[in-house]
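I've put the structures underneath this note.
One chain, chain A, links the two complexes that follow: it is found with chain B in the first and with chain C in the second.
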Partner chain A sequence: MAEDGEPTIGTMAVEEPLDLIRLSLDERIYVKMRNERELRGRLHAYDQHLNMILGDVEETVTSVEVDDETFEEVYKTTRRNIPMLFVRGDGVILVAPPMRGGGM
Partner chain B sequence: MTTCGRRGESLHQTFIKMLFYSFFKSLIGKDVVVELKNDLSICGTLHSVDQYLNIKLTDINVTDTEKYPHMLSVKNCFIRGSVVRYVQLPVDEVDTQLLQDAARREAQQQRQ
Partner chain C sequence: MGIHARSRHRELNTLTCLVMKLEGWKTTVELQNDAYVSGLVIEVDAKMNMQMTDAWYTDGNGRSIRLDLFHVRGRKIRYVHIPDKMDMMEAIRERVAPLVRHRKVGKKSHIALKRTEQTVRRFYRQQEGEYHQQPQQGEAGPSGHQTLLH
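Here is the complex of A and B:
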(Lines of atoms letter the chains of each structure in order from A and count residues from 1; the text may use other names and numbers.)
(Lines give C-alpha, C1' and ligand atoms only; values in the text may rest on other atoms or scores of the structure.)
Protein backbone atom coordinates (compact mmCIF):
# COMPACT_ATOMS: atom_id res chain seq x y z
CA MET A 1 0.00 0.00 0.00
CA ALA A 2 1.49 3.36 -0.96
CA GLU A 3 2.41 5.78 1.80
CA ASP A 4 -0.16 8.52 2.21
CA GLY A 5 2.36 10.89 3.75
CA GLU A 6 0.04 11.34 6.73
CA PRO A 7 1.47 13.92 9.13
CA THR A 8 0.48 12.97 12.67
CA ILE A 9 -1.47 10.20 14.32
CA GLY A 10 -4.27 12.45 15.47
CA THR A 11 -5.20 13.84 12.07
CA MET A 12 -5.55 10.58 10.12
CA ALA A 13 -8.36 10.41 7.62
CA VAL A 14 -11.10 7.82 8.02
CA GLU A 15 -10.52 5.34 5.24
CA GLU A 16 -11.55 1.90 6.32
CA PRO A 17 -14.01 0.40 8.81
CA LEU A 18 -11.36 -0.06 11.49
CA ASP A 19 -10.79 3.68 11.39
CA LEU A 20 -14.38 4.17 12.51
CA ILE A 21 -13.63 2.13 15.59
CA ARG A 22 -10.56 4.25 16.25
CA LEU A 23 -12.87 7.25 16.53
CA SER A 24 -14.60 5.50 19.43
CA LEU A 25 -11.49 5.08 21.60
CA ASP A 26 -12.18 6.30 25.13
CA GLU A 27 -15.87 6.47 24.27
CA ARG A 28 -18.64 4.17 25.38
CA ILE A 29 -19.59 1.63 22.74
CA TYR A 30 -22.04 -1.17 22.16
CA VAL A 31 -20.72 -4.56 21.09
CA LYS A 32 -22.95 -7.34 19.78
CA MET A 33 -21.39 -10.74 20.27
CA ARG A 34 -22.16 -14.32 19.39
CA ASN A 35 -24.43 -16.41 21.58
CA GLU A 36 -26.92 -13.60 22.17
CA ARG A 37 -24.52 -11.49 24.19
CA GLU A 38 -24.13 -7.74 24.24
CA LEU A 39 -21.58 -5.53 25.90
CA ARG A 40 -21.64 -1.86 26.73
CA GLY A 41 -18.42 -0.34 27.91
CA ARG A 42 -15.66 2.19 27.37
CA LEU A 43 -13.27 1.22 24.59
CA HIS A 44 -9.64 1.38 25.65
CA ALA A 45 -7.92 -0.71 22.97
CA TYR A 46 -8.61 -2.80 19.90
CA ASP A 47 -6.76 -4.47 17.07
CA GLN A 48 -7.46 -5.74 13.57
CA HIS A 49 -8.96 -8.95 14.93
CA LEU A 50 -11.38 -6.86 16.98
CA ASN A 51 -9.81 -8.09 20.18
CA MET A 52 -10.77 -5.31 22.60
CA ILE A 53 -10.23 -4.01 26.07
CA LEU A 54 -13.37 -2.49 27.56
CA GLY A 55 -13.67 -0.69 30.87
CA ASP A 56 -16.72 -0.41 33.11
CA VAL A 57 -18.57 -3.08 31.15
CA GLU A 58 -22.13 -4.28 31.39
CA GLU A 59 -22.74 -7.67 29.76
CA THR A 60 -26.27 -8.67 28.80
CA VAL A 61 -27.02 -12.30 27.99
CA THR A 62 -30.41 -12.97 26.40
CA SER A 63 -32.04 -16.37 26.60
CA VAL A 64 -35.38 -17.82 25.54
CA GLU A 65 -37.40 -20.17 27.65
CA VAL A 66 -40.46 -21.95 26.36
CA ASP A 67 -43.16 -22.37 28.97
CA ASP A 68 -44.12 -26.03 29.38
CA GLU A 69 -47.84 -25.44 29.48
CA THR A 70 -48.53 -22.33 27.48
CA PHE A 71 -45.65 -22.87 25.04
CA GLU A 72 -45.11 -19.15 24.94
CA GLU A 73 -41.59 -17.88 24.45
CA VAL A 74 -40.23 -16.00 27.43
CA TYR A 75 -37.18 -13.83 26.82
CA LYS A 76 -34.93 -13.41 29.82
CA THR A 77 -31.87 -11.24 30.15
CA THR A 78 -29.04 -11.68 32.60
CA ARG A 79 -26.76 -8.75 33.30
CA ARG A 80 -23.47 -8.42 35.06
CA ASN A 81 -20.87 -5.72 35.49
CA ILE A 82 -17.14 -6.16 35.02
CA PRO A 83 -14.72 -3.30 35.70
CA MET A 84 -12.09 -4.21 33.10
CA LEU A 85 -12.43 -6.83 30.40
CA PHE A 86 -10.44 -8.25 27.50
CA VAL A 87 -12.74 -9.48 24.71
CA ARG A 88 -11.46 -11.90 22.10
CA GLY A 89 -12.25 -10.69 18.62
CA ASP A 90 -13.59 -13.92 17.18
CA GLY A 91 -16.73 -13.56 19.27
CA VAL A 92 -17.53 -10.04 18.08
CA ILE A 93 -20.30 -9.48 15.53
CA LEU A 94 -20.61 -5.71 15.47
CA VAL A 95 -19.39 -2.54 17.16
CA ALA A 96 -21.49 0.62 17.38
CA PRO A 97 -22.09 3.72 19.47
CA PRO A 98 -24.35 2.87 22.39
CA MET A 99 -28.05 2.98 21.62
CA ARG A 100 -30.14 4.50 24.33
CA GLY A 101 -33.83 3.63 24.24
CA GLY A 102 -34.53 3.67 20.54
CA GLY A 103 -33.98 0.73 18.19
CA MET A 104 -33.37 -2.35 20.30
CA MET B 1 3.12 -9.24 8.03
CA THR B 2 5.59 -8.65 5.23
CA THR B 3 8.82 -10.57 5.29
CA CYS B 4 10.38 -9.08 2.20
CA GLY B 5 10.39 -5.66 0.63
CA ARG B 6 10.19 -3.20 3.49
CA ARG B 7 13.12 -4.60 5.44
CA GLY B 8 13.49 -1.91 8.03
CA GLU B 9 9.78 -1.73 8.71
CA SER B 10 8.77 -5.39 8.88
CA LEU B 11 10.36 -5.92 12.28
CA HIS B 12 8.74 -2.79 13.62
CA GLN B 13 5.49 -3.91 12.06
CA THR B 14 5.48 -7.33 13.69
CA PHE B 15 6.19 -5.71 17.05
CA ILE B 16 3.43 -3.15 16.77
CA LYS B 17 0.87 -5.73 15.64
CA MET B 18 1.24 -7.55 18.94
CA LEU B 19 -0.51 -4.99 21.07
CA PHE B 20 -2.45 -7.49 23.14
CA TYR B 21 0.48 -9.88 23.38
CA SER B 22 2.57 -7.09 24.89
CA PHE B 23 -0.33 -6.05 27.07
CA PHE B 24 -0.75 -9.53 28.52
CA LYS B 25 2.98 -9.85 29.09
CA SER B 26 2.71 -6.76 31.29
CA LEU B 27 0.08 -8.58 33.36
CA ILE B 28 2.21 -11.64 34.11
CA GLY B 29 2.06 -12.34 37.82
CA LYS B 30 -1.34 -10.75 38.25
CA ASP B 31 -4.59 -12.54 39.02
CA VAL B 32 -7.11 -12.78 36.22
CA VAL B 33 -10.33 -14.60 35.50
CA VAL B 34 -10.45 -16.34 32.13
CA GLU B 35 -13.91 -17.08 30.79
CA LEU B 36 -13.95 -19.75 28.12
CA LYS B 37 -16.37 -20.18 25.27
CA ASN B 38 -17.80 -23.23 27.03
CA ASP B 39 -18.85 -20.94 29.91
CA LEU B 40 -16.18 -22.20 32.26
CA SER B 41 -14.56 -19.43 34.32
CA ILE B 42 -11.09 -20.02 35.68
CA CYS B 43 -9.41 -17.72 38.18
CA GLY B 44 -5.64 -17.87 38.41
CA THR B 45 -2.32 -16.11 38.23
CA LEU B 46 -1.13 -15.27 34.74
CA HIS B 47 2.08 -17.20 34.23
CA SER B 48 2.78 -16.70 30.56
CA VAL B 49 1.28 -15.77 27.22
CA ASP B 50 2.32 -16.20 23.59
CA GLN B 51 1.66 -14.55 20.24
CA TYR B 52 -1.55 -16.55 19.80
CA LEU B 53 -2.68 -15.33 23.22
CA ASN B 54 -2.51 -18.87 24.53
CA ILE B 55 -2.45 -18.50 28.31
CA LYS B 56 -0.83 -20.40 31.13
CA LEU B 57 -2.39 -19.95 34.55
CA THR B 58 -1.07 -21.15 37.89
CA ASP B 59 -2.86 -21.81 41.18
CA ILE B 60 -6.20 -21.98 39.50
CA ASN B 61 -9.66 -22.44 40.90
CA VAL B 62 -12.97 -22.51 39.10
CA THR B 63 -15.13 -19.48 39.84
CA ASP B 64 -18.85 -18.98 39.23
CA THR B 65 -20.19 -22.01 41.08
CA GLU B 66 -18.42 -25.25 40.45
CA LYS B 67 -21.25 -26.75 38.47
CA TYR B 68 -18.95 -26.78 35.47
CA PRO B 69 -16.15 -29.35 35.08
CA HIS B 70 -14.52 -29.63 38.44
CA MET B 71 -10.78 -29.24 38.20
CA LEU B 72 -10.14 -29.71 41.89
CA SER B 73 -6.80 -31.43 41.44
CA VAL B 74 -5.55 -29.14 38.70
CA LYS B 75 -3.15 -26.45 39.86
CA ASN B 76 -1.80 -25.15 36.57
CA CYS B 77 -3.29 -25.10 33.13
CA PHE B 78 -2.59 -24.15 29.56
CA ILE B 79 -5.49 -22.53 27.71
CA ARG B 80 -5.59 -22.33 23.94
CA GLY B 81 -6.16 -18.74 22.95
CA SER B 82 -8.98 -19.54 20.55
CA VAL B 83 -11.25 -20.91 23.29
CA VAL B 84 -11.11 -17.74 25.36
CA ARG B 85 -14.20 -15.54 25.35
CA TYR B 86 -13.19 -12.96 27.98
CA VAL B 87 -10.37 -12.23 30.37
CA GLN B 88 -11.40 -10.22 33.41
CA LEU B 89 -8.57 -7.91 34.35
CA PRO B 90 -7.56 -6.14 37.55
CA VAL B 91 -8.57 -2.51 37.04
CA ASP B 92 -5.57 -1.09 38.88
CA GLU B 93 -3.06 -2.84 36.66
CA VAL B 94 -4.40 -1.40 33.44
CA ASP B 95 -3.11 1.91 32.15
CA THR B 96 -5.99 3.01 29.94
CA GLN B 97 -4.19 6.04 28.59
CA LEU B 98 -1.25 3.94 27.45
CA LEU B 99 -3.59 1.41 25.88
CA GLN B 100 -5.48 4.02 23.92
CA ASP B 101 -2.29 5.56 22.58
CA ALA B 102 -0.97 2.13 21.63
CA ALA B 103 -4.22 1.26 19.88
CA ARG B 104 -4.06 4.46 17.85
CA ARG B 105 -0.49 3.68 16.81
CA GLU B 106 -1.42 0.09 16.01
CA ALA B 107 -4.28 1.25 13.82
CA GLN B 108 -1.94 3.49 11.90
CA GLN B 109 0.62 0.71 11.48
CA GLN B 110 -2.03 -1.73 10.36
CA ARG B 111 -3.12 0.50 7.50
CA GLN B 112 0.34 0.60 5.93
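Here is the complex of A and C:
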Protein backbone atom coordinates (compact mmCIF):
# COMPACT_ATOMS: atom_id res chain seq x y z
CA MET A 1 0.00 0.00 0.00
CA ALA A 2 3.01 2.29 0.24
CA GLU A 3 3.47 4.58 -2.70
CA ASP A 4 6.77 5.77 -4.04
CA GLY A 5 8.12 8.86 -2.35
CA GLU A 6 6.45 8.11 0.99
CA PRO A 7 8.63 8.47 4.05
CA THR A 8 9.81 5.10 5.29
CA ILE A 9 11.42 3.93 8.48
CA GLY A 10 13.42 0.85 7.59
CA THR A 11 11.16 -1.32 5.47
CA MET A 12 7.88 -0.01 6.91
CA ALA A 13 5.97 2.95 5.52
CA VAL A 14 4.68 5.58 7.93
CA GLU A 15 1.19 6.16 6.65
CA GLU A 16 -0.81 7.45 9.58
CA PRO A 17 -0.31 8.76 13.13
CA LEU A 18 -0.90 5.32 14.68
CA ASP A 19 2.15 4.03 12.84
CA LEU A 20 4.27 6.38 14.94
CA ILE A 21 3.10 4.58 18.05
CA ARG A 22 4.16 1.32 16.44
CA LEU A 23 7.71 2.65 16.46
CA SER A 24 7.54 2.83 20.25
CA LEU A 25 6.62 -0.82 20.72
CA ASP A 26 8.66 -2.44 23.47
CA GLU A 27 10.05 0.97 24.39
CA ARG A 28 9.33 2.99 27.46
CA ILE A 29 6.71 5.65 26.79
CA TYR A 30 4.90 8.44 28.54
CA VAL A 31 1.11 8.47 28.43
CA LYS A 32 -0.95 11.44 29.52
CA MET A 33 -4.43 10.50 30.63
CA ARG A 34 -7.60 12.23 31.68
CA ASN A 35 -8.11 13.32 35.29
CA GLU A 36 -4.55 14.54 35.72
CA ARG A 37 -2.98 11.11 35.42
CA GLU A 38 0.26 10.13 33.79
CA LEU A 39 1.70 6.73 33.05
CA ARG A 40 5.26 5.76 32.36
CA GLY A 41 5.83 2.21 31.24
CA ARG A 42 6.93 -0.21 28.53
CA LEU A 43 4.51 -0.47 25.63
CA HIS A 44 3.72 -4.09 24.84
CA ALA A 45 0.62 -3.70 22.68
CA TYR A 46 -1.85 -1.16 21.41
CA ASP A 47 -4.83 -0.97 19.11
CA GLN A 48 -6.69 1.68 17.12
CA HIS A 49 -8.66 2.80 20.17
CA LEU A 50 -5.37 3.34 21.99
CA ASN A 51 -6.19 0.54 24.39
CA MET A 52 -2.71 -0.38 25.57
CA ILE A 53 -0.86 -3.01 27.48
CA LEU A 54 1.90 -1.43 29.56
CA GLY A 55 4.50 -3.27 31.59
CA ASP A 56 6.40 -2.00 34.64
CA VAL A 57 4.18 1.03 34.75
CA GLU A 58 4.33 3.92 37.16
CA GLU A 59 1.16 5.97 37.53
CA THR A 60 1.33 9.55 38.72
CA VAL A 61 -1.81 11.31 39.90
CA THR A 62 -1.55 15.07 40.35
CA SER A 63 -3.93 17.03 42.53
CA VAL A 64 -4.09 20.68 43.50
CA GLU A 65 -4.99 21.85 46.94
CA VAL A 66 -5.45 25.44 48.01
CA ASP A 67 -3.94 26.21 51.40
CA ASP A 68 -6.57 27.65 53.74
CA GLU A 69 -4.34 30.32 55.26
CA THR A 70 -1.93 31.36 52.58
CA PHE A 71 -4.26 30.59 49.66
CA GLU A 72 -1.31 29.07 47.86
CA GLU A 73 -1.79 26.35 45.31
CA VAL A 74 -0.15 23.15 46.49
CA TYR A 75 0.48 20.46 43.93
CA LYS A 76 0.44 16.97 45.30
CA THR A 77 1.44 13.88 43.38
CA THR A 78 0.71 10.28 44.21
CA ARG A 79 2.70 7.51 42.60
CA ARG A 80 2.31 3.78 42.40
CA ASN A 81 3.71 0.89 40.42
CA ILE A 82 1.86 -1.87 38.62
CA PRO A 83 3.63 -4.81 36.90
CA MET A 84 1.26 -5.26 33.94
CA LEU A 85 -1.63 -3.01 33.09
CA PHE A 86 -4.34 -2.87 30.44
CA VAL A 87 -5.30 0.75 29.77
CA ARG A 88 -8.62 1.57 28.17
CA GLY A 89 -8.08 3.85 25.22
CA ASP A 90 -10.82 6.38 25.90
CA GLY A 91 -8.85 7.72 28.86
CA VAL A 92 -5.71 8.41 26.84
CA ILE A 93 -4.93 11.99 25.83
CA LEU A 94 -1.47 11.60 24.35
CA VAL A 95 1.42 9.17 23.91
CA ALA A 96 5.02 10.32 23.79
CA PRO A 97 8.57 9.11 24.42
CA PRO A 98 9.51 9.57 28.09
CA MET A 99 10.52 13.13 28.78
CA ARG A 100 14.14 13.77 29.57
CA GLY A 101 15.01 16.14 32.40
CA GLY A 102 12.48 18.09 34.48
CA GLY A 103 9.15 16.53 35.36
CA MET A 104 10.59 13.02 35.73
CA MET B 1 -25.91 -12.13 11.71
CA GLY B 2 -24.97 -8.48 11.53
CA ILE B 3 -24.73 -8.09 15.28
CA HIS B 4 -22.44 -11.08 15.66
CA ALA B 5 -20.21 -9.96 12.82
CA ARG B 6 -19.74 -6.57 14.41
CA SER B 7 -19.04 -8.20 17.76
CA ARG B 8 -16.49 -10.54 16.23
CA HIS B 9 -14.87 -7.66 14.38
CA ARG B 10 -14.61 -5.64 17.57
CA GLU B 11 -13.21 -8.62 19.38
CA LEU B 12 -10.62 -9.56 16.80
CA ASN B 13 -9.42 -6.11 15.83
CA THR B 14 -8.85 -4.62 19.25
CA LEU B 15 -7.19 -5.61 22.49
CA THR B 16 -10.59 -6.44 23.95
CA CYS B 17 -9.92 -10.09 23.10
CA LEU B 18 -7.18 -10.09 25.72
CA VAL B 19 -9.49 -8.71 28.40
CA MET B 20 -12.05 -11.34 27.42
CA LYS B 21 -9.46 -14.00 28.15
CA LEU B 22 -9.39 -12.89 31.79
CA GLU B 23 -12.51 -14.94 32.47
CA GLY B 24 -11.67 -17.22 35.36
CA TRP B 25 -8.82 -15.09 36.65
CA LYS B 26 -8.77 -13.09 39.83
CA THR B 27 -7.78 -9.52 39.15
CA THR B 28 -8.31 -5.86 39.96
CA VAL B 29 -10.26 -3.47 37.76
CA GLU B 30 -10.07 0.27 38.26
CA LEU B 31 -13.06 2.34 37.29
CA GLN B 32 -13.39 5.89 36.02
CA ASN B 33 -14.98 7.01 39.25
CA ASP B 34 -11.73 6.28 41.13
CA ALA B 35 -13.18 3.12 42.64
CA TYR B 36 -11.56 -0.27 42.19
CA VAL B 37 -12.87 -3.81 42.34
CA SER B 38 -10.93 -6.94 43.16
CA GLY B 39 -12.52 -10.26 42.34
CA LEU B 40 -12.94 -13.28 40.13
CA VAL B 41 -13.85 -12.42 36.56
CA ILE B 42 -16.84 -14.42 35.35
CA GLU B 43 -17.57 -12.92 31.99
CA VAL B 44 -16.33 -10.24 29.66
CA ASP B 45 -18.06 -9.36 26.41
CA ALA B 46 -16.81 -7.69 23.27
CA LYS B 47 -17.71 -4.25 24.65
CA MET B 48 -15.62 -5.02 27.75
CA ASN B 49 -18.72 -5.16 29.98
CA MET B 50 -17.48 -7.23 32.87
CA GLN B 51 -19.05 -9.46 35.49
CA MET B 52 -17.17 -10.46 38.60
CA THR B 53 -17.97 -12.56 41.62
CA ASP B 54 -16.59 -12.61 45.15
CA ALA B 55 -15.72 -8.99 44.53
CA TRP B 56 -14.44 -6.36 46.94
CA TYR B 57 -15.55 -2.94 45.77
CA THR B 58 -13.56 -0.06 47.24
CA ASP B 59 -14.81 3.42 46.53
CA GLY B 60 -12.84 6.66 46.13
CA ASN B 61 -12.94 7.25 49.92
CA GLY B 62 -11.47 3.86 50.73
CA ARG B 63 -14.60 2.17 51.98
CA SER B 64 -14.91 -1.48 50.96
CA ILE B 65 -17.91 -3.66 50.44
CA ARG B 66 -18.08 -7.29 49.40
CA LEU B 67 -20.36 -8.19 46.51
CA ASP B 68 -21.45 -11.62 45.31
CA LEU B 69 -22.02 -10.34 41.82
CA PHE B 70 -20.63 -7.19 40.29
CA HIS B 71 -21.32 -5.94 36.77
CA VAL B 72 -19.69 -2.92 35.16
CA ARG B 73 -20.12 -1.23 31.79
CA GLY B 74 -17.06 -1.52 29.60
CA ARG B 75 -16.94 2.22 29.06
CA LYS B 76 -16.62 2.84 32.77
CA ILE B 77 -13.39 0.90 33.10
CA ARG B 78 -10.12 2.78 33.32
CA TYR B 79 -7.55 0.06 33.98
CA VAL B 80 -7.46 -3.72 34.17
CA HIS B 81 -4.60 -5.31 36.06
CA ILE B 82 -3.17 -8.25 34.16
CA PRO B 83 -2.04 -11.14 36.39
CA ASP B 84 1.68 -11.89 36.21
CA LYS B 85 1.06 -15.55 35.54
CA MET B 86 -0.94 -14.90 32.42
CA ASP B 87 0.64 -15.55 29.05
CA MET B 88 -0.90 -12.83 26.93
CA MET B 89 0.27 -13.94 23.50
CA GLU B 90 -0.98 -17.46 24.11
CA ALA B 91 -4.31 -16.12 25.32
CA ILE B 92 -4.82 -14.06 22.19
CA ARG B 93 -3.81 -16.93 19.93
CA GLU B 94 -6.30 -19.18 21.71
CA ARG B 95 -8.97 -16.58 21.13
CA VAL B 96 -8.34 -16.08 17.45
CA ALA B 97 -7.20 -19.47 16.13
CA PRO B 98 -10.44 -21.47 16.69
CA LEU B 99 -12.47 -18.89 14.82
CA VAL B 100 -10.34 -19.33 11.74
CA ARG B 101 -9.56 -23.03 11.46
CA HIS B 102 -12.98 -24.54 11.98
CA ARG B 103 -14.96 -22.07 9.96
CA LYS B 104 -16.59 -23.57 6.88
CA VAL B 105 -16.76 -21.38 3.82
CA GLY B 106 -20.32 -21.66 2.59
CA LYS B 107 -22.37 -19.56 0.24
CA LYS B 108 -21.09 -16.01 0.50
CA SER B 109 -24.30 -14.34 -0.45
CA HIS B 110 -24.73 -12.69 2.90
CA ILE B 111 -22.60 -9.56 3.15
CA ALA B 112 -22.16 -9.72 6.92
CA LEU B 113 -20.88 -13.28 6.72
CA LYS B 114 -18.43 -12.33 3.98
CA ARG B 115 -17.09 -9.39 5.96
CA THR B 116 -16.51 -11.53 9.05
CA GLU B 117 -14.77 -14.13 6.93
CA GLN B 118 -12.44 -11.55 5.43
CA THR B 119 -11.63 -9.97 8.76
CA VAL B 120 -10.84 -13.27 10.39
CA ARG B 121 -8.73 -14.54 7.49
CA ARG B 122 -6.84 -11.28 7.19
CA PHE B 123 -6.10 -11.28 10.92
CA TYR B 124 -4.92 -14.90 10.86
CA ARG B 125 -2.73 -14.24 7.82
CA GLN B 126 -1.24 -11.22 9.55
CA GLN B 127 -0.56 -13.22 12.70
CA GLU B 128 1.09 -16.00 10.68
CA GLY B 129 3.22 -13.44 8.91
CA GLU B 130 4.40 -11.93 12.19
CA TYR B 131 5.09 -15.34 13.69
CA HIS B 132 7.27 -16.52 10.81
CA GLN B 133 9.04 -13.24 10.32
CA GLN B 134 10.10 -12.74 13.93
CA PRO B 135 10.53 -9.01 13.36
CA GLN B 136 11.51 -6.30 15.87
CA GLN B 137 8.12 -4.73 15.42
CA GLY B 138 4.88 -5.87 13.82
CA GLU B 139 3.95 -5.58 10.16
CA ALA B 140 2.27 -2.41 8.95
CA GLY B 141 -1.01 -3.95 7.81
CA PRO B 142 -4.23 -2.03 7.14
CA SER B 143 -5.11 0.55 9.74
CA GLY B 144 -7.18 -0.60 12.65
CA HIS B 145 -5.25 -3.78 13.40
CA GLN B 146 -3.57 -4.39 16.67
CA THR B 147 0.16 -4.81 16.74
CA LEU B 148 1.76 -7.20 19.19
CA LEU B 149 5.27 -8.00 20.22
CA HIS B 150 6.46 -11.44 21.32
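Methods note: the second predicted complex is superposed on the first by the 91 of 104 C-alpha atoms of A that agree within 3 Å, B and C clash if a C-alpha of one lies under 4 Å from a C-alpha of the other, contacts with A are read in each partner's own complex, and residues count from 1 in each chain.
In this text, a residue touches a chain if its C-beta (ideal position, glycine included) is under 8 Å from a C-beta of that chain, and two chains touch if they have at least 3 such contacts.
Keep in mind it's a predicted model, so treat the numbers as computed, not measured.
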### Query
In the superposed model on chain A, is it clash or fit for chain B and chain C?
clash
### Task
For A:V66, decide between first (touching chain B), second (touching chain C), both and neither.
neither
### Message
For A:I82, using the defined touch cut-off, is the partner it touches chain B, chain C, both, or neither? Pick first, second, both or neither.
### Response
both
### Task
Quick one: classify A:I53 as touching chain B (first), chain C (second), both or neither.
both
### Task
Report for A:L23: first if it touches chain B alone, second if chain C alone, otherwise both or neither.
second
### Task
Would you tell me the residues on chain A in contact with chain B in one complex that are also in contact with chain C in the other?
1, 12, 15-16, 18-19, 22, 25-26, 44-48, 51, 53, 82-88, 90-91
### Query
Which residues, counting only chain C, touch chain A once they are in their complex?
13-16, 18-19, 32, 48, 74-75, 77-84, 88, 136-140, 142-149
### Message
Taking the touch rule as given, give the residues of chain B at its contact with chain A in the complex, in rising order.
### Response
17, 19-20, 23-24, 37, 53, 81-82, 84-91, 94, 96, 99-100, 102-108, 110-112
### Message
Which stretch or stretches of chain A touch chain B in the complex?
### Response
1, 3, 6, 9-10, 12, 15-16, 18-19, 21-22, 25-26, 44-48, 51, 53, 55, 82-88, 90-91
### Residue numbers on chain A that touch chain C, as the complex places them
1-2, 12-13, 15-16, 18-19, 22-23, 25-26, 35, 44-49, 51-53, 82-88, 90-91
